[in-house]
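Each structure below is given as structure tokens.
In the two complexes that follow, chain A is the common piece, with chain B as its partner first and chain C second.
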Partner chain A sequence: MRDLGQIIKGSVTVQRPQRIHVNVAATDLLSTVHSLKLSGFNQLTLLTAVDWIDEQQFEVVYLLYSRTEKVVAIVKARIPRGDPEVETIEDLYPNAHKYEVELTEMFGIKVRGNADSGKPFLLENWQDLPPMRKDFDSIKYAGEHYEARHKEVTSD
Partner chain B sequence: MDKEVEQGYNSVLESLRKRSLFMLHYCTGCGAMELPPTMTSRYDMERFGIVPYVSPRQSDILIITGYVNIKTLRRIVTTYEQMLDPKYVIGMGSCTINGGIYYDSHSVIKKLDPYIPVDLYIAGCMPRPEAIIHSFNHLMELIDTGKADGYRRYKENADFYRENQRKVLGEWR
Partner chain C sequence: MTREYELNIGPNHPGIPGNFSLHLELEGDTIVRANGDSGYLHRAFEKLMEHRLYLQNLGLIPRICVPEPDINEAAYAMAIEELMGVEVPERAKFIRTIILEAARAESYLLDVGGFAATLGLYTLMQWATGDRDYMVDIFAKLTGARIYHMFIWPGGVRRDVPAGFEEDILGWVNYMKGKLSDYDGVFFKNSMFLHRSKGIAVITREEALSMGVTGPNLKAVGVAQDVRKDEPYAAYPYLEFEIPTMTEGDAWARTIVRRLELEMSLNLIEQAVRKMPKGPVMAKMPNPFKWYVPKGDAYARVESSRGEYGFYFVSDGGPKPYRVSVRGVSMAHMYPLAEKLLIGQKLSDASQILNSLGICPPEIDR
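Up next, the complex of A and B:
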């Protein structure tokens, strides 16, 4: 774990002995994940994204776990919000496949190299914005699509 | 058959029917947690003649125990149509009544009655087993008096239900 700073191109901050943050540029994301896998992080715990709408950026987050060292590495990379794309890691971690399908469906982030990216998985007949984006108005969508029960509320 | 004889026959049949209700063992959402104590020795719903059963073909009651999203609704409609008449639907918990805490969700329907006919609602988040037992007793009264006619309403208003199902599920049949 000590030489992690040398093999990774981004910045490594140690939050706790067993939890490290790795911030990398989007261009170095794949090589970072590769070198982390080589240094023993052989479990993908989570793959998700955060919508930073004020900065017009998405932040993709990979949680990698090393069972031998019992350390979680949180890899974060910012990508532009317009036409977002990341590279697939399903050849490294097979369980990333469904995470990436979900990433495309919920955030609209295209995953290059994943054959199922863009196919419907959880949502059906979805015509609107991807629902996990910050500019998607969930209350408005629910009001338009699902019938509500209108009942007068009294506090007697 | 004479009409009076038929009515008498039906009333006898319904008073017999209400004492052997098979409940389909199908759960959605968190209401599933309230059913095990209702079934087992603590509250023991079998003393009212209600038994959980695994197959929709042999069941009489369909309990919707919690929020219903689009994927679940499709299965619920299929399951409901597989059940044989007479069949009764109990909507359990506030999610089936007005959406509950999922009122703003992009994938959860807000009320159940436009999609399948509901005979009885139990309010609460979640209702306690006492409330479920009470609702079973109330359902028996409704069956006895002939008011639990959801399966007849489903056939009479088939266009209405089919249209509402199509609105959220799309062309799916």
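Up next, the complex of A and C:
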């Protein structure tokens, strides 16, 4: 764990025991994940993204776990919000595949190298903005696509 | 000449709790290819949570995975406590542990009962569902709700335990311990169960370690990984327990690990009730309608009956979470593990293989 500062190009902070937060530039993301895997972080726990719409950026987040050190590394990288793209990590972590499909579906972040990126996963015939984006208005969508609920009649 | 054909199982309940569909390609009754089809239970929890106050979300999160709702409350509370820097009172930690272990035991009862049912052994399913219901009644007395308790709050637990709670729950633990030998006789030592599960859908250690597998599925290949030991939360540091493991990695080993864990949960409840200190059950918290969680991100994880369950939490300092991402355990167990394990198996075993992996579709869809 001590040498992590040397192998990672970005900043490494320890928020509490057993957690490290790693912030890297998008260009160093793949190499960082690769080096972490080589230093024992061999479980992909979660892969997700955060939409920082005010800054016009997406933040992709990879949670990697080291079984020997019992530490979760939270690896974060910012990418521009317009035409977002990341590289796949499914060769390193096979369970990343579906997470990446979900990333494309929910945020519209394309994943280079993932053959299924862009295919539907949870949604069917989705034509709208990717729903987890902050500018997707779920109330407006519901109003346009679903009938209003009938007023409940009670006999109380 | 062999002919391949396609078959959909589901989306109504292919032997596991919740709607989920399997698209199979078969040759005779041997599975050649399997593709999971999720989305029937997508209720947009993560999006909904961004639009609700921290307090309102407490009513939402237990519904992410039905058989064991309390893990959601615990992970959600732990993430908020980390960001707010709140220390939970000792008594609340023990009450949380009792709740979490009782919920785990309930979940295992449904799991093994469901597994037995997919093999046509309905007796165990009836027994397990009935025995679980006694605990559901105790939960109703403790929390006011049978299934979705909303009892674990950021800062502690909602109320202290009612009078007579200790006797109630120890009574159930004793009753369950007595029933386990009956369970063994009717199911775990039943030759039909052995024939249908031994050597079926074997996970190798390498596969399990590379695919993010956790919980009983990982313990069944001999890896004693458990959040309760690796990153002790609630009252687990004060309790004595050993993580059960097997080495075979097949459906049988996974089910036996669940059986051993069920017994361990009962022991943990007993220990926690006996060691529970007196004192307050809630830390000093601001008015829940005005919680402003400091800016930052945190990942809180707990051990569920299926493996590592967690909440990745981002706050921008406002009254609502900025982003919540749920680590549903089954995501790693279904994709790509189950799709791979099903290849080469018989059609009649498909449901029980999914069941032996403990897959819970609602936590994949969220």
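FYI, the second predicted complex is superposed on the first by the 150 of 156 C-alpha atoms of A that agree within 3 Å, B and C clash if a C-alpha of one lies under 4 Å from a C-alpha of the other, contacts with A are read in each partner's own complex, and residues count from 1 in each chain.
Rule of thumb we're sticking to: a contact is a pair of C-beta atoms (placed from the backbone, for glycine too) under 8 Å apart; a residue touches a chain by one contact, two chains touch by 3 or more.
Treat the numbers as computed from the prediction; the structure is a model and nothing was measured.
J.: Is A:Pro131 touching anything from chain B or chain C once the two structures are fitted on A? First, second, both or neither.
T.: Both chain B and chain C are touched by A:Pro131.
J.: One more residue to check, A:Ser11. First (chain B), second (chain C), both or neither?
T.: Once the two structures are laid over each other on A, A:Ser11 reaches no partner at all.
J.: Which chain, chain B or chain C, ends up touching more residues of chain A in the combined arrangement?
T.: Between chain B and chain C, C touches the greater number of residues in chain A.
J.: Scan A:Ser31 for contacts with chain B and chain C and give back first, second, both or neither.
T.: Once the two structures are laid over each other on A, A:Ser31 reaches no partner at all.
J.: Based on the superposed arrangement, let me know which partner A:Tyr141 touches: chain B (first), chain C (second), both, or neither?
T.: first
J.: Regarding the shared-chain residue A:Leu123, is it in contact with chain B (first), chain C (second), both, or neither?
T.: In the superposed model, A:Leu123 contacts both chain B and chain C.
J.: Per the contact definition in the header, classify A:Lys151: touching chain B only (first), chain C only (second), both, or neither.
T.: In the superposition, A:Lys151 touches chain B alone.
J.: Under the stated touch criterion, which partner chain does A:Val61 make contact with: chain B (first), chain C (second), both, or neither?
T.: second
J.: Hey, what residues of chain A end up touching chain B and chain C alike?
T.: On chain A, the overlap between the chain B and chain C contacts is residues 122-124, 131, 138.
J.: Please give the residue numbers of chain C that touch chain A in the complex, ascending.
T.: Of all residues in chain C, those touching chain A are 38-39, 42, 44, 46-48, 50-51, 82, 209-212, 214, 223, 225, 230-231, 296-299, 301, 308, 310, 312, 314, 322-323, 325, 327, 331-332, 335-337, 365.
J.: For a test of understanding, state which residues of chain A touch chain B in their complex under the given definition.
T.: Spelled out, the residues of chain A in touch with chain B are 122-125, 128, 131, 136, 138-139, 141-142, 145-149, 151.
J.: In the complex of these two chains, what residues of chain A are touching chain C?
T.: Contact set of chain A toward chain C: 15-16, 18-19, 21, 42-46, 48, 50-51, 61, 63, 67, 70, 72, 74, 93-95, 97-99, 120-124, 131-132, 134, 138.
J.: For chain B, which residues count as touching chain A in their complex?
T.: 70-71, 97-99, 103-111, 114, 164, 167-170
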